[in-house]
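Per-chain residue numbering starts at 1, and chain names A, B, C, D and E are given in the order in which the chains are listed.
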Amino acid sequence: MKTFSRIVLCLAATLAGVSAAPVVSADAFVQGGPIGSQTSDGYNALGPVVTQPIEFPHNRHAGTRANGGMEIDCLYCHTYARRSAVSGIPRLSKCIGCHNMIESVKEKPRIKTLLAYWDRREAIPWKKVHDLPDFVRFNHERHIQRFIFDQGRPSREACGYCHGDVASMTTARRVKAISMGWCVSCHEKEHRIDAVSFKTGHGPNDCWQCHH
Amino acid sequence: MSLDNLISNWSKLRVRRPQVDQYKDSPYKWAMVIDLDSCTGCNACTTACYAENNLPVVGKKRFLEGQAMHWLRIERYWGEGEESTQEFPEQGAAFLPMMCQQCESAPCEIVCPVGATHHTPDGLNSQVYNRCIGSRYCSANCPYKVRYFNWYNYPESAWPSPLELQLSPDVTVRSKGVMEKCTFCVQRLTEAKSKARTEKRNVQDGEVVTACAQACPTSAIHFGNIADSSSTVAKMWKAQQVELSADKQKKDMKHEKMPAASEVASGVGASVEAEKLRGYRVFEELRTYPSVVYLERIRSGEV
Amino acid sequence: MSTVVEELDSIGERRFEPKAKDINEDIAWAKINTDVLRSLERPRPIFWVIFLSAVALFGVGVACEIYQYKTGLGVAELRNPHVWGLYISTFIFWIGMSHSGTLLSAILHIMHADWRKPIYRFAEAMTTFSLMTAGLFVLVHLGRVWQFYYVVAYPNERWTWPNFSSPLVWDATAIGSYLTTSVIFLYFGMIPDLAICRDSATGFRRTFYRLLSVGWQGTDRQWSNFRITYLTIACLLIPLAVSVHSIVATDFAVSQQPGWHTTSFPPYFVAGALYSGCAAIITLFIILRHTFRFEEYMTIPILEKLCKLTFAISMVWTYLNLIEYASTWYGTDVYAKQALIYRATGIYRYWWWAMNFLGSVVPFALAFKALRTHVPTMMVVSLLLNLGMWIERFMIVTPTFAHGYYPWTWSDVWWPNWIQIGIVAGSFGWFTLLFMLFCKIFPSVSMYEVKEMVYHRIRARK
Amino acid sequence: MNKKTYLMALFNDFDAAARAIASLREATIAGFAMKDVTLKSPIDHPECAAELGSRPVYIQIFSLIGAVLGSTLGFLGISSAQANFLRQPRGGFPIVPLPPNMVITYELFILTAVFFTITACLVVWKIHSDKNSLYSVSISVDKIGILVKAEPSAIDAIKQIFNRQHALEIMENARV
Amino acid sequence: MIRFGMTANSVASGVNRRDFLNLVGLGGTASVLAGCGNTSIESGVELVQSYVQPETFVVPGVGVYYASTCTQCGSACGIMGKVREGRILKLEGNPQSAISGGKICGLGQAGIQGHYSPDRLKTPMLKENGVLKATTWEKAMSLLSGTVSFTAQGPRRVVLTGPTSGHLQILLKAMPQSGAATDHVVYDSLSTAVAASVNLKMFGVEQTVGLIDKAGLVLSFGNDFLGAGDSPVAAARQYARFRKAERRGILIQIEPKMTLTGANADRWVVIAPGTEGVLALGLVRELLQRKEFANNLSPNLIAAVEPYNQTEVSHITGVRGDLIPRIAATLWEHSPSLVLAGRYPQGHAHGSHNMAAIALLNVVLQNQGKTLWREAELPFPQMAPALGNFKSLRQLNTQMAAGDVGSMLIYGTNPVYSTPDFMRFADNLQKVPFKAAWVTELDETAMHCDLVLPLMSPLEDFGTHVAAAQSDGMEISIQQPLMEKLHPEARSFGDSLLELLKQAKPESYKSFPDYYAYLKSAVVNAKPAFDPKVEDEEFWENTLSAGVLRRPAALLPLPAIEFSADLVRQPLRESRDAAYPFVLIPAVRPSMRDGKAANLSWLQESPDPLTTVVWDSWAEIHPSTAKQLQVNEGDVLVIKSAQGSIRAKAYLIPGIHPGSVAVPIGQGHESYGRYATNVGVNPFKILDPIFDEETGELALYATRVAIMKTDQNERFTKDEGATNLQQGRKLVATLAADQVDLAKETPFVIR
């Protein structure tokens, strides 16, 4: 509906003889605002609860210290995101790397499950939470490069644009609309190209960027 | 999505294309040169295309019905005129690899009702499967007939398990009712561009090639970026005096002005004759401005 | 009233020589009502036989479509390069057919040709139903019909729009507008007759007609507003009708293919549309005249006038056809010329010659009074003309696919298969079905206008 | 107002009806005005209706408004939609092409004009409709009716005029 | 491009660190099939790609390239496999390989389909009551052990294989040596044994190397080096350089039926089948008349070629008389030239004589040391390829018929399909009490065996290969798995061989737990020949990473030959048999070869280059022949030889001798997976028992047939439309060579 209202606005402005008043570029340097407020159409749908093999407590690992979290950076575990189109799931040995050392929680049921997988050398069958249709190719690497490495934003914010505040959840749930218009709404915005300059650019608007 | 779009688009994008300096400021314009003298018609490229782009094998019955899905086909001609005159093909057969010509002014683009095929900033003629509704108008209007329609739901039949494990995850598997065509292996281009952007540079010449160019045993297919004047393909276009935005090549105009046979015989026209270049684009006169330059086949008449 | 009529009649006989009258002007108005309303009565068994046959035929089409929908368009033996097949040919045929109603109601209305009055109603119905049939073909031929709404321009969550440069989008708007306007025009012109139906009906039918007749009482204000509104819509409908078929022509003319890329296509298509529309009117005229015993309204003189009109249009069509051949033949576009030669000599040659014979030679039968007043002959001739016009559409679409620019894809073997034929046949069933329902629910002769016609003719004699 | 009575006379032909209306206009009857006379006829008869005096029709103004609105809004709407179509550079052709806009605007212009016309007509009918007015089914066959709305005091005079023109039948109905 | 070798501990050690080669998270593949239909965003339906402990270079969503070797034909091209999420997605050429140079042909591309074939054999099968039933490897191995005997007595125990090389060849050679078998028979239905024998006789080596790119003119007698040749990718790369040389090379092709190479010739000359030798001698005679030869001519030679004058040669071969001196003159002018001989001249009763005459032409043209060489020395001669032949199979067949063969182990060949009916090979095979076959898919031969064993696909297996013809140095191509085994029961042939050898000679082989260990130790032992400085493990890693072991080595000169008169023997003209007026040419298709690739759907759907026919067999005849027989395209013909008949649709093609009919080889399988079974016909079956007089090889192109037209007509499944001419459009334009200045056109990048 926002689209529609913009068209109406557009028409009204034209009819009234108003010159080109930029509707979007007013918030050229605002890239989403606080986490959870970035949807273009007021749609903040909470996706279904996905039952994972282990109910992974994101809040315990990545949550703020104030809430009892450890503030581990997203990219520490989801390390593939910076160099691959898919963010992937951390390999099991990464979990074990820490949890072998942490004696205090070894007897907890979730950790026991984890260690059992490791003993069997079996990959954990995690389920996809943000599963786009098969004709959509989202590239994590590009977004991470741009927002985290070029612009120096904290990963919790940058990842949160699309994934919501996962650090406050246990297992992740889909928060954003992730519809095409939602993607495009961000690509249409002018973003600063890096942390220091005032030059801006917007995301690609070519269909083949995402669909091929 | 706003009024400034409207205004800026009216002023900025209301331009006639192709124009001479269209890709002057853009980093990429992908193009090809296919040397028909090197092409042996061996079909390595077509098979590579099947492997790279998840093309379905349609089977005998559907092939018979003209429903083949080869994005790249090798055509074999026995002659140029309307009737075959020779008893035996003394100069062999003429092979032509024909795929989407990625026209700068593509007849398919204007007629698609939903904008599923459009021109990308890289000068490619895209086909967006999920937008396509299957009106097939693009195919009807394509002079080269290089667009292929999914007449059946091939994911159901073309890859009996475990053949489906071969499918490339970078290329959408097309279901029934959508049009598809050669993409210049856009998945490779996207990957190369992404890598280059991470490294804060442009894609270099030779860094990315299409699957057909990569496979071609005689290197008859050359692929590259003609926006980069130092690339091999740009040099080849230049050497052949083929210009992207011209519908008639200068050399051909020269050729038309060629001296009469008597003058050639007396040596007057020899210099003009020697300048004969091989580059041409198929159906240039239709003003589709293709991105594929073919180099004429050479045959020695000595024997 | 009768005295005046008798008096006028005697004058008329003296002043106008034996020329046959379009209609019996002395007919009692009450008889008009009874005669026409009789067609709405309980149908005869033969009605049900034909109706159920039509339903069955439609069912065949639906079955074929379901199969095609589930399996993919390949089952229709569509292929490269024959990507459109019969669907688009038949689509143009039905769109063309729809122009008859506009011609008879709107154009002749504006030109005060009052002989149109007894026959325009069913022609308008034909317009509406053939448009509804044509619309089906657009859907049938889409590869992903479940996504057809992508063609519609509406704000959506994808932030995408249709491609306004595509003639198919123009088609969508044009046909949508034409269908809406045609339905409105048909309905609006019927309101006084619906009031007549209301006045003579009982029970739920009365309620039905009462709702539809929107309080029509024949008051002077209603009549004057009605007259102006009807005229205005008629005026708007004519340019719309012209635009619709010329836009359908742009589907071809805007494309680049040899044989399609022709400047004369828009007028050629419009002429063809009027032509096939007229031919179809003659067919339905004869059928209705016979079925409902409308001999007093659908008279031979009116048929004659229709035939003359058809003949004139056929000559326009022939002319435009010849112009197209000539400009191709003498032009420099070798590809188009090859395509033309292919039409005349390739595998579709019999069809091409049949089209030219049926479209340009057969209509000369209409030029002879003895023939055009002979109803069975006219039935045969009109069916032949319709066939010719269907072949014309086939010959526009198919040979260009078979013999386009690219020799490698030239195909010499394509014929439509049973799925396509089934769906085309189903479309005829669908049209018949709708038309039969119409004839049983609505008066297929405009009662009030026949009354006006006889009234004014009598006055004219005065 | 609500004390007025409806009276309708049926005539066999338009000449009689026309004469009756002329007589009504010439007679000066208290509690009766010409604007309350309505002619009901099976066919359109402008000559007879002209006897009732000038009753202008405004439909075409609405048609014009519709046409103007349809073309301007249509054109602007399509242009803005095109301009906003993701700003895709479209090879060889401008993103806001004029000829297609003209074509589609043309269709919208007609469609909107038709909508406005018919809506206006139906609204006009609704405004002038009078639920309790007298009506006879024979009007839809071949009779001509003249409906008069008058003060009860004027009824007799009107009846006389009707009878003088050989009215076939006179119907009367008091307004509740 | 990331290129990696397999780490050492990946196979040997217990911790499976290469689990990225496993198919984990199959959700990804389920989704690729969903296509573009489903438009909704889903949660919790698919699985995420997830690993236990992958190599550090493994990143989900990023392809990793591994080097290996293509085994689709014998040319041992180096290939790279793109691996992602445990799946091998695509094969590409390995730029480090001197043979492929980073290029790959269609046949090679399709190798991946054999790996993923839906008809792969998954378990060992044992024949019970004439029906193959699933069994276990234990049972199978115990049965195989029965064939290992320690005495040389008793019936023969034969190992029958296709052409092999590398370490597998060493193991196979060891089989008779160790007593695990009595014979190792190498059979190749499309062998070049005639050429090898002639070369041996004339030059002292079996294999000569012709350098196309060094020649100014190539005169090829039916050598389809660009299509179904010995090493098509390497030849095509040479051909490209040959065409782009400073003085553009000229190709003249002389053959009875146009091959892909012929289709690319500057001048294609049609010749009566089997008369190539006559033409060669005619050319020799023309050349000898040049004054350059005036002093140093052997009178023997002059006398020997004297009868082959222009008129006579033209009469016999059907080649236009004026063409012969012109070809001879051009040959001389464009020296150095190269004369190549292919399958067509070999496949006759006098095939050896044909080949000798053609070789003589090379000698007269003094091409030795310029364009014609001997291969460089292979440092490990035991790895040299064993090229198959037909003669030894014929002997084996006689033994089988006599009941002399007690057991037979078959690998890499399908004789039941590729032997002519007159041999009754299938019947004779039934007389062998025990026969076992290692196959990936059940082919005709496997169906006749008692025990059928599931073989790993070449993309799952280790191996080494040495190409028969190498023109650029010497290289050993390394084959390594690109993917974890798709079917757990499948095993490597090397493992089975090793197991049998261990029983026969435990002390030699006991140190190798499996074929991989054997191979690795053998390769590492070869280290001194290549890179002696590095550590063993590193050498192994580097070898796997590169995919080839290369040793730059110069080609060796061929010895000068002494002319002898029997080199130029040519048979009298064959008398025409009125009952069988046509010569049958079983044409070898580049994509099908001997039929081994018929089960790959990409190749079935890849149009034949000249006819563009797919999924079918056909009979090519010349339009003039067709006119004479009143045959139209698509008419079903019965092609009848003295041995039997086949039916095929007529395809009218100008590129064939009017007295011949060509039917492609490769189709007509009775059992070979869903894509090959019941497609087309098998022309092998009706071949006449005609053999090369010198070598005893089957004469492939000597069978005479009659053609009968039937009433049936079927449409061709082909890509070609209603016309095969350009109809005046500029699609493929041709320029005369003297009008082009290629020097102006640089740059060309030819790898």
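By our rule, a contact is a pair of C-beta atoms (placed from the backbone, for glycine too) under 8 Å apart; a residue touches a chain by one contact, two chains touch by 3 or more.
None of the values given here were measured: they were computed from a predicted structure.
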item: Inter-chain pair with the most contacting C-beta pairs; value: B-E
item: Innermost chain, taking as reference the mean of every protein Cα atom displayed; value: B
item: Label of the chain whose CA centroid is most distant from the centroid of chain A; value: D
item: Chain separated most widely from chain C, comparing mean CA positions; value: E
item: Distance from the mean Cα position of chain E to that of chain C, given in whole angstrom; value: 66
item: CA centroid of chain C to CA centroid of chain D, Å; value: 30
item: Per-residue overlap in chain D, given as positions that touch at least 2 other chains; value: 80-82, 84-88, 90, 93
item: Where chain E touches two or more other chains, by residue; value: 32, 34-36, 39, 61, 715, 720, 725-729, 731
item: Residue numbers of chain C (touch at least two other chains); value: 159-161, 163, 165-166, 169, 405-406, 408-409, 411
item: Contact set on chain E toward chain B in their complex; value: 23, 28-29, 32-37, 39, 61, 84-85, 87-93, 102-110, 112-113, 116-118, 226-227, 232-233, 236-237, 239-240, 243-244, 248, 250, 252-253, 258, 260-270, 323, 326-327, 330, 486, 590-591, 601-607, 609-610, 612, 614-616, 624, 654-655, 674, 679, 715, 717, 719-720, 724-741, 744-751
item: Residues of chain A touching chain C in the complex; value: 1, 3-4, 7, 41, 177, 179-182, 184-185
item: Residues on chain C engaged by chain D in the complex (per definition of touch); value: 1, 4, 28-30, 33, 153, 159-161, 163-166, 169-170, 173-174, 176-177, 180-181, 184, 188, 192, 195-196, 199-200, 214-215, 217-229, 232-233, 236-237, 239-240, 243, 247, 448-449, 451-452, 455
item: Sites on chain C touched by chain E in the complex; value: 334, 338, 402, 405-413
item: Chain B to chain E touching residues, read off their complex; value: 35-38, 40-44, 46-48, 50-52, 54, 57-60, 63-64, 68, 70, 73-84, 86-96, 129-130, 153, 155, 159-169, 172-176, 178, 206, 211, 214-220, 222, 232, 235-236, 239-240, 273-274, 276-278, 280, 282-283, 294-303
